[in-house]
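This report refers to the structure that appears directly beneath it.
Here the chain labels run A, B, C, D and E in written order, and each chain numbers its own residues starting at 1.
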Amino acid sequence: GCSGGGGSAPTAAPNPYATAEGMESATELIGEYPREETLFTSGTQWGPPASWNPIPGAGGATGLGGLLYEPLFQFDPITLELKPWLAEGGEWTGDDTYELTLREGLTWQDGEALDAEDVVFTAELGKVDAVPWSNLWTWLDKAEATSDTTVEFTFSDPRFQEWDNWLYTTMIVPEHIMGEWSDDELLSNPNEEPIGSGAFKFSAVGQDRMVWERNDDWWAKSELGLEMPMKYIVDVVNTSNEVALGLMLSGSLDLSNNFLPGVNTLVDQGSVSTYYDGEPYMLAAASANLIPNQTRAPMDDVDFRQALARSIDVDKIVSNAYGGLVSKAHPSGLVPAFEQYYDEDVAAEHGFTFDAEEAKSILADAGYEDTDGDGFVETPDGEKIDLKLIVPAGWTDWMEAARVIAEDASAAGIKVTADFPDAGAVDDARATGDFDLLINGNAGISNTPWTYYNYAFYQPVQEQMLAGNFGRYEDEEAWELVQDLSRTESGTPEFSETLSQVQEKFMTDLPAIPLWYNGAWAQYNESQWTNWPKEGREDAYFPVMWNGYVQMGGLNALLALEPAS
Amino acid sequence: MTATQPVSGPGTEATEPGAAGPVAGRKPGGDARETLYFALRNPKVIIGMVVVLGFLLLGLIGPAFLKYAPMDYAGPPMAPPSADFPFGTTTFGQDVFAQFVAGLRSTFLVGVLGGAVSAVIGMTIGFVAGYRGGLIDELLNMLTNVVLVIPGFVVLIIINAYLGVRSVPMQALYIGVFSWPWVARAVRSQTLSLRSRDFIDLARLSGVGVGTILRREVAPNMYSYLFMTFVLLFGGSILTAASLDFIGLGPTNAMSLGLMMNQAVQWSALHLGLWWWFIPPGLGITLIVGSLYIMNVGLDEVFNPKLREM
Amino acid sequence: MALAVNDLKVWYRTRRGDVKALDGVTFEVADGEIMGVAGESGCGKTTLGKALIRLDTRMRHVGGTVVLDDDELPLADDGAMRRHRYREVSLIPQYAMSAMNPTRKIGRMIKDLLGAHNVRYGDVLPELERRLKLVGLEPDVLKRYPIELSGGMKQRVVLVLSTLLNPSLLIGDEVTSALDVSSQKAVARALVEFRDHGFVKSMIVITHDISVLFQVADTILVMYAGHLAEKAPARTIISDPLHPYTKMLIGALPKVGDRYEEQQLEGIEGRPPSLLEPPAGCRFRARCPLAHDRCAEAPPFREVAPGHHVACWAVS
Amino acid sequence: MGGYLARKTLVYGLTFVVAVTLNWLIPRLMPGDPVQRMVARTAVQHPETIVAMTDYYERMFGLDLPIWQQYLNYWGSLFRGDLGTSVWLFPTPVSEVVLDAVPYTLGIMIPAILLSFVVGNTVGAMAARSRWLDNVALPVGYLVTAMPYMWLAILLAWGFGVALGWFPVAGGYDFGLVPQWSWSFAFDLLQHWVLPFLSLFLVSLGGWAIGMRNLIIYELESDYANYLAALGAPRRLIRQYAFRNAQLPQITGLALQLGTILGGALVTEIVFAYPGLGKLVLSAIQNQDFFLLQGTLLFVVIGVLVANFVIDIVYVLVDPRTRTGLTGGTA
Amino acid sequence: MLTLDHLDKVYRTGTFGTSDLHAVRQVSLDVQRGEVVSLIGESGSGKSTIGKLVLHLLDSSGGTITFDGQDVTKLSFRARRDYYRKVQGVFQDPFSSFNPIYKVDRTFETLRRSYFSRVSSGEWRTRLEDALAAVTLEPDDILGKFPHQLSGGQLQRLLIARALLLDIELLVADEIISMLDASTRIDVLNLLGELKARGLGILFVTHDLSLGNYVSDRVVILYKGRVVERGVTNAVFDDPLHPYTRDLLASVPHLDRTWDEVEAEEAERTRRLAGRCLYHEAITAQGRALGEEAEAADGTPDGVGLVEYAPGHFVGCFRKAAEEACPAAP
């Protein structure tokens, strides 16, 4: 027989189940994970789990950040609050000093204490260029452990919004282990015997699964009185949505974070459930934007962009392509979590809504006319317009949406054809600016609306645009506004004021056209575990295990689960 | 690729000994009529042809009679087959029958083009290798082996991914480029046996060049064999294309039967009970390709009298 | 009398009708006689040979009887014929070059074949080796594959194999045609020797090469278009042929020493008739210089001298 | 034989070099940049950081070197048995990823190939003698062979998995099980194996049967069969010979098929979420994982080459015709 | 007219030409106008190979072939076409000499396309009829038919007619009658005799000695690629010098003598020769040592391994190379 999913780490035996040598002893220990004590999840991992190193920020097994390693704070996207986690709290003690206090009695899973030195160590890892938070040190001056549980951060340029972001996205790592790694190893060590501080320990791994086992010595048990209801979490590696749905329906999966087309039908039938009982079923996770390439005519013309935006009937996309699984985006582009920041006045004045007639009249006013009678307008210079909207092949929902967009735009006189190159080719086009139109949803939910506008306006425009402003919009004033925003503390009146200005700029210039919200896809099978997050519940969290979302609610959702029987 | 081989691999070998028959022992000319006579009396050929031509016809003239375009949101979503929508509708309310008919076209196109491309490459290489022999033969053999050894389907995926935008003809072209090796092998051995025939030498004594000899003397002798090869390639291309379409690398700007299956699966058709979306395209392919294969056996019987007597 | 063939008719079924390849032949082969069959290509020589042992699926036994050693052979019944094959009638086929399974060692194949006839290989082995030696082969050919032997060797192996059970009648079809002169001679002599040793009682040797027949055969039967033309002792056929066809056939053969400059030989004008719908009467009529009205009726195959049969009205 | 072996080795060696070079080259022709995709997944927003990370990974993968150097390094590490590190599954070594997946793929492919070969040939041989089988079984065989792999696979998954619930539809073994040496685990493995195996098996079956049928018919018409029949050999013996001889070209067909059935296995594995090479290859392509792709391809190429080589040798051993053919000494 | 001088042909067999097959070794001979020269030998002795070399269907590995003083071993494609105007071939199997799927006319058409594209169709028709008449064929019986509808003799004559359409001076006839019926053979042979009378040179390849004897003026006996004996037909047949030739002659089935009779004659001759090696003796008689002729070869038209035993009657040796010892030498 074959050794099956016998561990991707045959060198050492971090746990008895992971390798063939460990098999015999494993039989004695456990043959299978008892169904009633195990939570089966899927939808996050798309390949064999390969790394348990949290530093690179990606590529880790599902739940690595959040279940095994933990951040200082959690962020609740529903309340928009940072909640102390490893930290007991933190505050700005001066214009550019921030003092962080850790909880008492934090321990690593190997029994070592988790203290201020570990936090300093984690922050200082950023001094290595390739560490994802190396940028921190362009505006942070110093991180100093003032006691076992306190750390003082001194900033050269306090960027409040970014700092908050760091606090909950960065996992604190053990100095006593990673301190021994070389700089190169920081990113390339697979860390096959991970020691974290979290609720779960590494248990076993296979080609098609990752298994976590409850950490019964978790600090939060005593500190916060929290206890995980399940002993094991088995995360099933995805191959396709079809398979996920099959597993879900057969009750082999409890939580699926896949986009499962048609799941609305199943929710209506009662076979699975979601956050909302009806449309849009899912919480919103990010806005999907239509990005016009503003280095090309006519997308460089704001009137044209406005007309284009109004020509698209997003409702049709929502109901047809998604069957109501998503909702239409607000013209500000901000996800509904930021509803409180919406400036509805600005939206009423400058925001766009679907209106093909208006789109046509804007075009006509700006000199776009159909001079050759082919049913499509030409530029004021008389150039033909023939735009390609690219969406990665295989992204079926977006492909369907792109078809609708192309159809609608064409109906308004703007010739657009949908094209579906390979995902890699779309990446290339997006980075190099070699496209007319594309759809992008990179800026997801975060602690601050700044993230979205940073994404939309990011400047300076460079040869390769990798993180934002793929449309290569150029406007200094707008960029200054965004930078101001990052330096403003949220909750302050300046913050909302600046935010309104940014929103206005966004709606008038339309560097990106927000269309709908991609959902925080999550569907539950309640046959084994109940009490899943639902609309209207007090303690409802984002029920998502995606990387970065565990500390944004995923963990709390798990904590709240109850066995069905 | 995927399915070309299972049939054509052994199939090729199978036709080889017989092909020595048609080449060596054929008495054609007056027997063209005889061939036709047997072809028209061979139930396998007839059944195969009727099915394939039926689908072809549907694909060709079908669209003219349809109310909706394949991608139109034509009716209620997820409607089961009815008078209005004989194959029902998709999740989006698209007419599955309209898609099926449109898909038939691309499917035939892929079959014909893919088959033609690999036939042309395989035959050229086979002819040249078999006729020239020597070092050229060795080199071409090696090329054939390399293409054979490299997992063609994987390379196809890569190439398909490489193409920014994929069209049916492009897909066919690339499929063709990777499915010729067994054709080359078979044609080569046929050519080898023909090369030793005296009429080739006589043509050379008439001052005719290599190309002309291959074209006018060698190839025509293998027409029946080449035709059967083409039938196999035709079916193989369709299956390969369907596999590519299925894993999401189908044409991006057209409808095909494989793409229909892909979409049906992507949108969980079977789990949602939309069997009418998933069954017809696969069944269509199966029937077309199956009929081609059956027709091929029939043709084999027609061309090789030994089989005919069975 | 070993073999008596009486009015045998064997036709081929084709889409265009029956090919009357063997259309009523009557002759006898005596014990110990080697009878040669000669004639132009397509005249039915092979059909005659095959008809006596195994009709293939396309052949049809239309009429006539074959009696071998007082037993009538059930020609049309493949199953019943099986008992007679090999032990009573055996064959060296025209295709001796490919007559042996290419993937089996020769000894193994013989063993399998003998097993099927309930004969123990071990019992026969000494005799087999003796006969191989007789035809000039080492017994170790049994351990070889057919492809490792030359054409002449294969032909001799097939000869030994076919006669291993001492059949009454051996039919050899174009046994020597594919060989060059030296192997031809060896094989031809082996045939005679086998008869002399009594391994086979009588033989029918079919070939288009009359000079070989002259060397091996006691009598020669000349066929023309599915009919018999003449049968006589070999020397008589060569030196005193009676049938005009035989005469012309022999006359067209140059002897060593004949030279074009000195003496021009002549061929036979025209072609044999189609066997699909052969003309009634004497089939050689169209090419015969002696043809007259009488020939519209088929001439009987008459004995005009002891052991000399001719089918021609012009011969009295 | 020695010379033949040397020659074959030379040819296979050359083929290997060319194939490996293509393996190396082909992924590099794809659009997109693996490192960029990798960095993009970290969702880091700051260009400076992105540049630094990109540099780091490029150095890591040796992608900063001139292309010819990359090529030479590739050969160098190949000889050290090092296939590099996967980009997509960073930092797992490619060899590890591939070796973990290979047992599953081989586990369905080898039985499917061999069993379909054996069963197909047997059915074909039977069809060659029975009109009934010929007229009924073969058309069915054709239709099965004409089915797109995934269509059959999905129908099987849906029918036996979802609707009837007899077999699981995903995974290499139950997600609730721990691998161990026990009957229940083995049984579970088997249960997960059945459907993927079946879909591959069924599609391959028809081809063999048909090939065999045709070959046997030719063999039964051959001279040696006629001769045996003329010497009164029973049909059984003749059939036995014909079957044996007809199998030889089928063996060559088997070699031809090895490389291509992978395509089928790939699609099948995707349908059944079977943790073999299939999904791996597809993901490697989608993630521009040069190294994983190279590694997987290399594995396949070596596998196919070795199989072909073995078949070549075996062929020579079982078919004396080829053996004398190559020494040039005919008749 | 045609002279072969030390012609060699090595076939490369096996992958990358790993093994060699020396099919023709140091063959020298010549054919004059109005003369039939027969190449006689057993199967595999290299007869067809020589024919093909002369027709330039194969490249030679060494030696020269001169036609009217011009070396034809290295002709370009163009020059070859001119060569083929004068030299043509007819092959063993008339059925395989015609593409079975075309009517026989096609053979002539091919010729016309290459050589007579400017000839009007009326003119062509006349020429064709003349050529067919020369081989005693009725155009109406023949043209428009498929090869399988004609007899071997008719086809073979058609092929000769095809050659006659060109103004040929030399015909290579490779076993043109061995596939024919005894009755039609003689017609074709007689036709060759007529052609010879018209002044054509004919290289007649055969393994049948009686046929070689019937038409040829001189014969060349080949053994394993070597010429072992060469001379005027009567001389060779009446007084074979080489043991192989004698063996060959003794194996021929005669129509008037049985093998036993022939063998008795042969035994008598062997007894007379009493183990002498005529070649060896001739060499010694010329005052040369064995092996010397390799150096002496230059300038002697006789070539290596052949000595003139009697005027115009050469005998050779089996030895494959000059260094080998004479098999019959003491």
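Going forward, contacts are C-beta pairs under 8 Å (C-beta built on N, C-alpha and C of every residue); 3 or more make two chains touch, one makes a residue touch a chain.
As the structure is a prediction and not an experimental result, all values here were calculated from the model.
Minimum number of contact steps separating chain A from chain E: 2. Set against one another, B-E and A-D show the most C-beta pairs in contact at A-D.
Among the remaining chains, the Cα-based centre furthest from that of chain C is the centre of A. Mean C-alpha positions place chain A and chain D at a centre distance of 38 Å. Distance between chain B and chain C, defined via averaged C-alpha coordinates, is recorded as 50 Å.
Chain A and chain B have CA centres that are 46 Å apart. Centroids of chain B and chain D (each the mean of its C-alpha atoms) stand 22 Å apart.
For chain B, residues that reach two or more other chains under the stated contact definition are 161-162, 164, 265, 270-271. With touch defined as above, residues shared between interfaces to two or more other chains in chain D number as follows: 11, 30-31, 154, 162, 270, 286. Across the assembly, chain A contributes 240, 242, 246, 249, 422, 424-425 as residues in contact with two or more other chains.
The touching residues of chain D, when paired with chain A in their complex, are 30-33, 36-50, 52-53, 55-57, 60, 85-86, 88-92, 96-97, 100-101, 103-104, 107, 154, 157, 161-162, 165, 168-182, 184-186, 189, 270-273, 275, 279-280, 283, 286-288. Taken together, the chain A residues at the contact with chain B in this complex read 240-242, 245-246, 249, 260-263, 265-266, 320-321, 323, 393-394, 396, 400, 403, 417, 419-422, 424-425.
Chain contact summary for the complex, chain D toward chain B: residues 11, 14-15, 18-19, 22-23, 26-27, 29-31, 134, 138-139, 142-143, 145-152, 154-155, 158, 162, 203-204, 206-208, 210-215, 217-218, 221, 249-250, 252-254, 256-257, 259-264, 266-267, 270, 281-282, 285-286, 293, 296-297, 300-301, 304-305, 308. Interface residues of chain E, counted against chain C in their complex, comprise 42-43, 151-153, 181-187, 189-190, 192-193, 207-211, 213-215, 233, 237, 247-249, 251-256, 258-259.
Put simply, chain B touches chain E in their complex at residues 26-30, 134-135, 138, 197-199, 201-209, 217, 220-221, 223.
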